[in-house]
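Once you scroll down, you'll see the structures, which are given as structure tokens.
Here come two complexes built around chain A, the first alongside chain B, the second alongside chain C.
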Partner chain A sequence: MSFRAGEEVVVKNDWPETRGPAHIRTPHYVRGRRGRVVRRLGAFPNPEDLAFARPAAPRDLYHVSFAMRELWPEGGGDEVVVELYEHWLERP
Partner chain B sequence: MSVLEAESEALLGAIRRLLAAKGVLNEGEIAQQRQSTDRAEPGQGARMVARAWTDPDYRALMLSDGAKAAEAMNIPMRGMPPLGVLENNDQAHHLVVCTLCSCYPKAVLGYPPYWYKSSAYRARAVRDPRGLLLEFGTSLPEGLTIRVVDSSADFRWMVLPRRPSGTDGWSAERLAALVRPGDMLGVTLPNA
Partner chain C sequence: MNSDNPPAHHDMGGVPRFMCEAVDVSPHELNDFDRDVDAVRGLLSAKKIMSVDELRRGIEAIPEAEYRRLSYYGRWIRSIADNLLLKRVFTEAELRAEMER
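Then we have the complex of A and B:
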């Protein structure tokens, strides 16, 4: 799935590390949270496979911005921007 | 085995011989890479910042492709991840962190300060950046949004700070001497 700059996205609320060995670049604090695509950064071999020396297909990487209030109970209008792979993003 | 012959040295030697035998990497390339690693230090990033402050074309290049801008200053980027440059302006202030581990723009800033890898910095940067900045002695002007950039994957990030006032007419060399590593991570602001 590809996404446009400015588009709203939701990060999958998925926890593969509870099902077995995993290497994940999606920080815990954004899973299940709603953010906005800043821009596409490029395509990179999927680190989740690369870490286990498996063939790693290229995946689109996006800069996604989250309002602090979406992440933390006391959060305000500041933002956190995270690099996220396409397979972690969904349309709300 | 004496203390001068560590097991790790023997292992490293064996790996280097294997890499050479298999044609993956030769001794010359290893020496070259070591040399560029040794040359990486915050002064390199500071030179880029100072040039961006004095040369609008270079500033545009730096914001569109940090690695190309580094190479234009003879900073070796071979084998390095892409470098993104975050522009501070009168709307937004950027702060760089790696909450997962310790990703750092080593090619242009060298080794990170000791606190960069600490759990405290990593946890607080994404939750209470304003409180964190105050502890670094940094208070931001009203109305500025903080954009915390978590280096979670394949890019490395550095901040292009705003040029401090009182530096009109300064040469790029003089400006570069102002810029500290913290200014290029967003924990401090350059001050003339």
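Then we have the complex of A and C:
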């Protein structure tokens, strides 16, 4: 799935590390949270496969911006920008 | 954060602990051990034996108690050893014999 700049997205609330050996680049604090695509950064071999020396298909990587308050209730009015791969993002 | 799923011990961003506990940001000198580990890691990449992604996966697989006890480069060499054992570059007996030399 590909996304446009400005589009609203929800990060999958998935916890592969609880199901067995995993390597993921999606921090715990954005999972299940709603953010906005800032820009597409390019396509890169999926690190979740590279980590196990498996063939790794290219996946789009995005800058996704979250309101700090969306992540932490005590957060101020700032934003947090996180790099996230396309397969972690869904349309709300 | 989903409270049903506490973050893995290496997934430290945004963890409440750091609101109470200052992060050590003082500059620190690399020692000979650190440089050796870094050089070994570089060689393994150059020879296409082990990638940085595999290094990271190995670091994340270190059991929590050991993860907390090890230094930054201590975690690297532990991951490198685990990866090379897994890839059968050397055996546990060979590694032990080298370490006891």
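Here is the rule we go by: the second predicted complex is superposed on the first by the 92 of 92 C-alpha atoms of A that agree within 3 Å, B and C clash if a C-alpha of one lies under 4 Å from a C-alpha of the other, contacts with A are read in each partner's own complex, and residues count from 1 in each chain.
Note that in this section a contact is a pair of C-beta atoms (placed from the backbone, for glycine too) under 8 Å apart; a residue touches a chain by one contact, two chains touch by 3 or more.
Computed from a predicted structure; not experimentally measured.
When both complexes are overlaid on chain A, the residue A:Y29 reaches chain B and chain C alike.
Contacts of A:Y85 after superposition on the shared chain: chain B is touched, whereas chain C is not.
By the touch criterion stated above, A:W72 is placed in contact with chain B and with chain C alike.
After overlaying the two complexes on the shared chain, residue contacts for A:V37 are found with neither chain B nor chain C. Which of chain B and chain C touches more residues of chain A is settled by the count: it is B.
When the shared chain is aligned, chain B comes close enough to touch A:L61, but chain C does not. In the superposition on chain A, A:A51 makes contact with chain C only, not with chain B.
In the superposed pair of complexes, A:P21 makes contact with chain C only, with no contact to chain B. Of the two partner chains placed by superposition, A:V9 touches none, neither chain B nor chain C. Overlaid on A, the two complexes show chain B and chain C touching the same residues of chain A, namely 27, 29, 47, 71-72. Residues 1-2, 5, 7-8, 11, 13-14, 51, 53-54, 56-57, 60-61 of chain C touch chain A in their complex. Remark: chain A residues 25-27, 29, 41-42, 44, 47, 61, 65, 68, 71-72, 75, 77-85 touch chain B in the complex.
Against chain C, in their complex, chain A makes its touches with residues 13, 15, 17-18, 21, 23, 27-29, 31-32, 47, 50-53, 71-72. Across the complex, chain A is touched by residues 82, 84, 99-100, 126-127, 129-130, 145-155 of chain B.
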